[in-house]
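Scrolling down, you'll hit the structures one after another.
Okay, so chain A shows up in both of these, paired with chain B first and chain C after.
== the complex of A and B ==
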């Protein structure tokens, strides 16, 4: 049983990293723009399909393909922000963002169904089904690589936010858009770039998701509920919170699944979510904490 | 961000869920303005159905839609039904048990459809059959074969496919019949908490235990699991020699196969209740090399030796392209629904629901692309035969029952993953 629990903890941490990668864009966009991007799940699936096309049509390795999919998703994000998000204004901006990004999700989903049908596919490479042995346990390469990618990208995102001039502008916009404007920050430009950055990060999450799950254009709906849960638990707007919450969520679920029963794993997670939010309504690293980082 | 703001966000997110449900209805298929059963002979007969064109069952729902459409095309090209063309009024339920109720309510009371076809899955058939019964409509369906449907004892439900509780019987009997030296000693039974899967495993377990195959793992997991890895890892660490997986879709089977391969765990036999029957979709998800030896119970496969079935497969390829392996069992189940209801309409020469229901309960033997159909008092198809199929060299072939017409020798033990 001890080795099963250890394996469940490792599984939870590794899979949590993948989910953090998918949730990072969502929380970044909310933190800067007060936009709840319901299209995040479908954007993950779009990224997975881009990797699928590059892999099956051009024979490009999944990780190498990120050199193409990340900039592509950045452009997609900038276009979506320009075409749909920028026009939202006023007190109901956040509420309206849900409707608008839901519409964006439906449009992308429809295009994906038209192009790929609802057949399931999965990304493949030599490391997808293989594993290596460590301390008597088999660790899957794809999850280890995915976690390493998540750690690297989230660290890079952190560096951009906290060690660059652009990052200072982003954080200024997070704290007070009006005040940021007064000190010369081009808030609209920052918002566009942040939305693009948030969606670009999703490209990596989509690739790992597609390598670890069979997916079709409808798979985004299951994802968005989980990603929103992670972001709420971690504290909306906090990159570190997304990582912490994702690891906490998946580890808790996996351990309960092994020790008790898979039937209770989801229930226990949501019970933990309710308890955390009761004690700390802003989540583990809510925006107030995130701003102070 | 204060607690009021968090509460507001939660409210907004809840609103999104409601919006999604509302929009899914509006995003349905073909609307119809034709109504009434007393229309002139040239007016189309409108057949209403709710299908899962999005959501968890979207792959199955869209395959079912193709089955319904193929049947309608065939009927319309052969003089129609009662001399009238057939028109489908299909709306999407987004795989939601609540939306499917709204849809059938609307099809019956607003669209006034002449006939009904069933939705996909037992999960959605249970609530929709109750709606149909309330208005006296016959509900002929092809994917609601679990006990949860028949336990309702509704007079109007007719499932043209195999009752699912018996799906795994040929597999379990085959394992039990193996010589003691080859027979596995242990079995694992992971299953999702779905009314389609859960009834199947205890039936198989009982047969296998009687043959001395010990259960080393039997756990139910939620249909919406975030991470299948720990469940699959536990099955692997149990060392079970055979695995019977209660699955409703391709992603579940794919996740287990991937985790098994990563854990270097190769059971002698692996059968999943659904997923491997999805043809090319299954192959694309798990990879061709991982399909070898994987089994699935069902009542139909593309090579089914039935003239009507072969004609349907050819019509499918002509309309949508591909190969026979691209045609999954959902298409045949949907097509069978149309065939059975059409035979009842033609025999009674009527669209009167009570006459149709009485005819279907009369014990008459009907024909479909899945073979003979005869309903008992609960609407179960007593003539349906249970088979098991296995992926061999890229093709899904019938292997069980042993010695049945069309059965080939099963690969046992199955080769290692990727082999």
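== the complex of A and C ==
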């Protein structure tokens, strides 16, 4: 039993890293723009399908394919922001963003169904089905590689945010948009690039998701409910919070699945959100009065 | 000499006395001419016209809703006027973005604490030079503001959100000087400050002015603001009610009764100023 729990904890941490990457994009977009991107789940699935096409049609390795899917998703994000999000204004912007991005999700889902049907598919590569033994435990290569990829991309995201001029403008816009404008930050441009960046990181998450789960165009809804839970639990707009919450939630889910039953693991996932928010309404790592408008 | 909007001299004023800069286009750094602006469907400003003399401190006072902050928003590029002209050193500001206004030489310190709370003090001050690319120049300016505002060097690595209200205000001033602006626009610099800190803040504004910068400030603490200023402008319901040297406005019985709580005769000796 102890080794099963240890294995569940390791699996939770490894999977949590990938979810953290996907949630980081979501929380970054919210932090800068006050936009709740409901389409983030289906964009993950879109990324998974892109990896699927590159892998099955062109024989491109899943990780190598990221060189194509990440920039592609960045462009998709920029286009979505330009076409739909930029037009949202006023006090109802955040609430309206839920409806608009939901509509975007429906459109993308419809296009995916038209192209791929609702049959489940899964990404394949030599490392998807193989494991290696470490300290008596079998660890699937894809989980370890996926975690390493997520850690590398999160580190890169950190470097961009804290070591570049663009990152400084993003952080300024996240904290106080008016003040950012008054020091010369082009907040609209920052928002567009941030939306692109937030969507681009889903490309990596989508690839790992598609390699570890069978998916179809409808898979985005379960995903977005989990990602939103992670982002809210971590504190809206907090990237570090998303990282911590993702690892915490996925580990909790895996441990409950082993100790209790897989049936209850999903319930515990969402029950944890309710319990934490009732004690700390700003989430595990959130702060009151997040920022001025 | 205190002037009413129609150009007449206020009752009881001698036209031969007063700051010659007021109303003199040659000495004006910033000019408003018939500015109409507002939000949504309504106008807040209804044809504002006055000039900000070069090298002075111009203080705008008026009751809540008079349009003071709205007027500053039209200067900083945050709000585009619907009608009228705003010119700075002969160049029109209408339609410029906040970044272009910065490049023209105008920096605004907004009303509410505007530091980026999760950034360090040093990062905040460097953000004041965000539009500059010359790292050597940024370093030079940073040394200059550190010399002027010791708190910048002393608390360089601390999160801005951990500073007191007064310290935050001084760091905001430091940030505003990173572009070495010709005009510094201050929106309610005394807001939320205790009297002792307010005194330091107002002395700093005077120092910034003595270093050659023109100051345009909106101040709810009308007495203190007008005592500090070389020129005062009284706004009421989006219109210029009165303009003239700050001390003369302070002594104007009508304005004193309306905006300064009456008792104008005791203004010169009252607290809240910076000469105590």
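One rule holds for everything that comes next: the second predicted complex is superposed on the first by the 282 of 293 C-alpha atoms of A that agree within 3 Å, B and C clash if a C-alpha of one lies under 4 Å from a C-alpha of the other, contacts with A are read in each partner's own complex, and residues count from 1 in each chain.
The definition used in the following text is that contacts are C-beta pairs under 8 Å (C-beta built on N, C-alpha and C of every residue); 3 or more make two chains touch, one makes a residue touch a chain.
Note that the structure is a prediction, hence the values are computed from the model and not measured.
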Chain B versus chain C as contact partner of A:124, first or second or both or neither: first
Chain B versus chain C as contact partner of A:8, first or second or both or neither: first
Which superposed partner A:75 touches (first chain B, second chain C, both, neither): neither
First, second, both or neither for A:148, with chain B first and chain C second: neither
Partner chain in contact with A:83 - chain B first, chain C second, else both or neither: neither
Partner chain in contact with A:183 - chain B first, chain C second, else both or neither: second
First, second, both or neither for A:159, with chain B first and chain C second: neither
Chain C versus chain B, contacts on chain A by residue: B
Partner chain(s) touched by A:67 [first = chain B, second = chain C, both, neither]: neither
Contact footprint of chain B on chain A as seen in their complex: 3-4, 7-8, 11-12, 15, 19, 36, 38, 94-95, 98-99, 102, 106, 109, 117-122, 124, 128-131, 138, 140, 143, 212-216, 218-219, 221-222, 226, 228, 232, 236-237, 249-250, 253-255, 257-258, 261-263, 265-266, 277, 281-283, 286-288
Contact footprint of chain A on chain C as seen in their complex: 76, 78, 97-99, 102-103, 107-108, 110, 112, 114-119, 123, 127-128, 130-131, 175
Contact set on chain B toward chain A in their complex: 1-3, 6-7, 9-10, 12-13, 15-16, 19-20, 23, 27, 54-56, 58-59, 62, 193, 219-222, 224-227, 229-231, 233-234, 237, 249-251, 254-255, 258-259, 261-264, 278, 280-282, 284-287, 290, 417-418
Residues on chain A engaged by chain C in the complex (per definition of touch): 165, 168-169, 171-172, 175-176, 178-186, 291-292
